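The following blocks contain the structures, represented as structure tokens.
Look for chain A in each of the two complexes below; its partner is chain B in the first and chain C in the second.
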Partner chain A sequence: MSGTQVFAQTVLNGLLMGCIIALVAIGIALIRGVMDMVNFAQGEFLMLGMYCAFWVNRLTGLDPLLTAPIAGAVLFVLGAVMYKTLVRRVVGAPMLAQVLLTFGFSIVLVNTALFLWGAEFRTIPETWIRGNVDIGGVVIGVTTLVPAVVSVIMAAGVYWFMVKTRMGRALQATAMNKHAAALVGIDTERVYALAFGLASACAGVAGSVLALSYYVFPMVGTVFNLFAFVAVALGGFGSIPGAFIGGLIIGVADSVTGFYVSTAFKYVVAFGIYLATVIWRPKGLFGW
Partner chain B sequence: MKNQWTIVLGAIAVGAVLPYVFPGPFPRHVMIMVLVYAILGTAWNILGGYAGQVSLGHAVYFGIGAYTSTMAFIVWRLNPWVGMVLGAVIAASVAILMGYPTFKLRGFYFAIATIALGEMFRILFVNWEWVGGAVGLEPPIIKGDRLMSMQFHLSKVPYYYILFIMFLCVLALVRVIERSKLGYYFRAVKDSHEAALSSGIDTTQVKLVAVAISAFITSMVGTVYAQYLLYIDPYVVFAGSISVKVCLVAILGGEGRLMGPFFGSVVLVLLSEYSRVLFGGTGRGIDLIIYGWLIVFVAAFQPRGILGLLGLKKQYAPEVMRKHA
Partner chain C sequence: MKRSLVRLAIMLPVLALVFGLLAVPILGKVDTVKVGVIYPLTGSAAATGKDYIAAYQLAADIVNNKMDLDFPFARTEGIPALGGAMIEIVPADSQGSPEVGRAEAERLISSVKPTALMGCHHSAVTKTASQAAERFGTVFLCPDSTSPALTERGYEWFFRSGPTDTTFIEDTFDFIEDLKKARGLKVETVAIVSEDTEFGKNISVVEEQMAATRGYRVVEKITFQNNSTNVNSEVLRLKRANPDVILMAAYTSDTILFVRTFKEQKYTPPAVIGQRAGFISPEIFTTLGKDADYLFTTNVWAPDLGEKRPIVKRINELYRAKTGKDLTGDYARAFTGAFILVDAINRAGSVNPEAIRKALLATDYPGSQLIVPWAGVRFDQKTHQNTLGRGIITQAIGGVYRTVWPFDLASQEAVWPVPAWDKR
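Up next is the complex of A and B:
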């Protein structure tokens, strides 16, 4: 392989992983945009989506690709319930309460997964999709291509929902001004629950398809969560297309430093990008 | 006023005899950990509680303290007491250097930046071979229990008293800050950044002072902890879980209150140490599940902490002053 091909391969791998990060990031951006809080448990929802795919596959033999809607639905319900029972209490509360609540919840989820399913790395043994695609010497495994495509479709779906549907516009209206939205008859409580559910569903779908090509283990969410935060910061904390592009950038940065420098320092690069963004361009790369 | 001093002196007396009321290595270990987190929480409280800058990366200063004294001990045979001061100075300097860019950020942005810096420091130390890399370091063992070498092999009690005296000093310092002009600057910055700026307070400088004091104390505890364990590695002293726990003891007890971190530490350390003993052996993280739920419930139901729950008011701001503020 020539140097250019290796580079192209590295960038492409990064873009594919970036699509998954992007979908997780969209969930964070959505919650941040609508209810002005940051969810530190988003990565753990991804982890739950992965286990969802794993267990459905193990118990029924259903392909992980088909479990994506199931994982999405399960996580939607979980997110909405989490909002109704716990998160509702800290909307508008001091930031510290919000950070701690979601942080604590992520500790609960990681350790519950550890308790129920153990610490071992699991993989899904068989799937329908296999083989490789060769584009001029750059080889992509179909098991990494399909998750990326699903992520893009899901992200586009969320964007379409936000822009085109009545409910999505209610979400946007609530994000702009909660009281004004309530005055024109929008049930803001329902909107918040919906936003939280939708954000969790994004992570669930991302997790389900990620399980095709990645190890399933209780701590998997932490890494993706931190990367997703950086992506959201790049995108300007609240913009859905921004978060998506931020996710792609982080995916590429991760892959390129991992390959050319050292895998040990890829976090350093990601966090460096975060610090540089929030300090010099606090509104994100695409904000103004 | 006289009554108050009776309580204070009584509490000090109780603290002084406690290791002999509950002898045995495990209760003493728990008491030591309560003091460790009480001091760390109090140090965090200066920045997070009084000045309102929520840091989730205090393990950085803790780790610097542990590593500086241990490395200086190994390389130069420097006395750990001197190493402790050296580490504290380095930690405060690092805090100021990192504070310059990050104090431009508010709220979430600042909190996530501190997480990012915390992770970066841990990765740096894992990959830094000179300081032992991922394997970690062991301070040289000095024979005999001597205060000079800060090593006691026969009994844990001397560590308890070192930390106990440190805790009293830190409380006294925070008490002085609470009532000084600096304390009012801190609270002004916390309540409204804009208002503080417009009344002529150099907010960045105030935050830098807060983080420097906070890092200085945190680092000193790091040194004592390293001498207590006699082994450190980046996963122990730069752990993100330390950063969270330090913040949590302050919130649990009641942030921005003098004794808040102490009460938070008592509850949290007792809970985590005893649940670890009861369930930790399973390797299935039951103790951490309980710990996580505790965090969730404190945040959702009682953000004012235990002292708030008991209906105690913050002393520094009597109602009269609130009304005129």
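Up next is the complex of A and C:
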């Protein structure tokens, strides 16, 4: 492999990985932007999305890629229900109450998964999504390419929804000022439920495509959650494009440092970038 | 005067009787011997922890019940020297974390008051949990953790029945050497890949030293984060270095990730030799399927050892009936450790910690009564490390590990170099 090929491979690996982190991060940014609260259970929604893909595939034999919409829909409902039953009680409450609620809920989800499905690592067997693509010596596994593409589509979809549709504008309006939005006739309760559902659906879709290449187990959410949070903080809390780009930066920093410097330092650089952002631009790259 | 004498004459037998009754539970019969076992029951290694507990339960079943089995303590009920006292396994959850492991050890010691503690799979957890045991003067028998540092601390109450990483790494290099002699293989360069906790860090140090003394060139040395989200850059580095053999120390999740990434990046290392842990977890086969084929690992046990010794096969069948899975090196080691402890308690004839400690020091357990291929169990008087343990090298073919070294125990020939991904 030539130097350029290796560099291209390294950056590409980073981007592909970053896409998944980005999609999880978008969910966190959305909730933070609209409701001004941090959802610590986002990683666990990713885990549920992965189990959703796993079980639908196991029980029906449906291709994991086709389970993405199902996982998205299931998680949307779950997110909306979670809002209606639990989260709405802490909207506007002290931050500690919000943190305890979502953090507590994440513990409940992990242990429920542990109880229902056990602690084993599970993977989805290869279906028609398999093999490698070789572009001039740069090798990409299809099982990482497809999730990245799906992530980009989903992220673009969420962005389009936010900017172009009436409901999306209602969401933005509520994010800016809840009372003013209510005054002009926006049903803010519905908007909040929608935001929560949408954020969970992002994690669900990310999870179901991630299950193509990654193993599933009840604690998988925590592994990705940390990176997603860093991506959100990097991009700017509340900014959807920011969260996406933040995810990509984390992915590329991880990959490039790992290859060119040392694998032992790859997270040092990723988190170092985050730290530098917090110090010099606390609102994040795209924050407002 | 006379009355008080009479009173005394009545009182004495009564007192004697009362004290006699009290003395029985103090001096004589122990009903149950509690053994605290600390393993990861939640967290990324939870499935492994669960299977460990099953291995301990099986050992307890054999000791507690009368079984038609040609094995120590099988034909009697309970521990003979304690009047048939039952073994009770008390599991505790370390979550794979050194801090939690230590807290759980303290909790067990203060509330359950176990006769001994055992555990903890992760070397880093064993390290802290045994610190607690040392402080409280509780016997800690570690059957599984392999970090050499554990027995180099000179602890009074810590014993280890399993071999250490140093033994396994020596086995690894002996295996490569033997294979080179037998087949004229060319193996000159190695890559050392290790995770970043106690387990991996120690292994990479020993591997690097041994590679140097035996004349191998280390072309890549990688430390990666335990429970990684991806190992893309790690694999890319290996691909570039192109070593003749990769020596890897990883727990289950990362082992799965590495093999999948090798395949994704179309990279077939000529041979990957793992240091147990993730490599010997049964989930390797359930998650990776055929892709797990041709992985080598140092090991403590393999099902094919049963082809030569019926009792090994029989114990594996009992374990299979309990869990639906074969034993692995981890669980066979834990099972063995439990019997070493029971043997010591039986010889001590009491649950007094000091007596058990002395009995453990005097242990001379024959290899013929073990299900693992060791020469026996005898503890070094200073370090308390079993000096008679040894390892085997196994290779995965068709979803099971088969012994390939030492050659006299081997049931198949090693496949090296392994076939490329697209030729399988």
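A few points about this structure:
Definition applied: the second predicted complex is superposed on the first by the 268 of 288 C-alpha atoms of A that agree within 3 Å, B and C clash if a C-alpha of one lies under 4 Å from a C-alpha of the other, contacts with A are read in each partner's own complex, and residues count from 1 in each chain.
Operating definition for what follows: a contact is a pair of C-beta atoms (placed from the backbone, for glycine too) under 8 Å apart; a residue touches a chain by one contact, two chains touch by 3 or more.
Computed from a prediction, not measured in an experiment: that's the story for all the values here.
Steric overlap between chain B and chain C is present once the structures are superposed on chain A. In the superposed pair of complexes, A:T10 makes contact with chain C only, with no contact to chain B.
Of the two partner chains placed around the shared chain by superposition, neither chain B nor chain C is touched by A:V149.
When both complexes are overlaid on chain A, the residue A:M176 reaches neither chain B nor chain C. Looking at the shared chain after the overlay, A:P282 reaches chain B, while chain C stays out of its contact range. Applying the stated contact rule after C-alpha superposition, one finds that A:Y267 touches each of chain B and chain C. In the superposition on chain A, A:L114 makes contact with both chain B and chain C. Only one of the chain B stretches 45-53, 225-233 or 315-323 carries C-alpha atoms that clash with chain C in the superposed arrangement, namely 225-233.
Under the contact criterion defined above, the residues of chain A that touch both chain B in one complex and chain C in the other are 111, 114, 118-119, 262, 264, 267.
Those residues of chain A that touch chain C in the complex are listed here as 1, 6, 9-10, 13-14, 17, 21, 111, 114, 118-123, 125, 132, 134, 139-141, 143-144, 213-215, 217-219, 223-224, 227, 254-259, 262-264, 266-267. Contact residues on chain B toward chain A in their complex (touch as defined above): 48, 54, 56, 101-102, 104-105, 107-109, 111-113, 115-117, 119-120, 123-124, 126-127, 244, 247-248, 251, 255, 283-286, 288-289, 291-296, 298-301, 303. Interface of chain A with chain B (complex): residues 38, 86, 89-90, 93-101, 103-112, 114-115, 118-119, 226, 229-230, 233, 237, 262, 264-265, 267-268, 271-272, 274-275, 278-279, 282. Across the complex, chain A is touched by residues 41-44, 46-47, 49-50, 196, 222-225, 227, 229-230, 232-234, 236-237, 239-240, 252-253, 256-257, 260-261, 263-266, 283, 286-289 of chain C.
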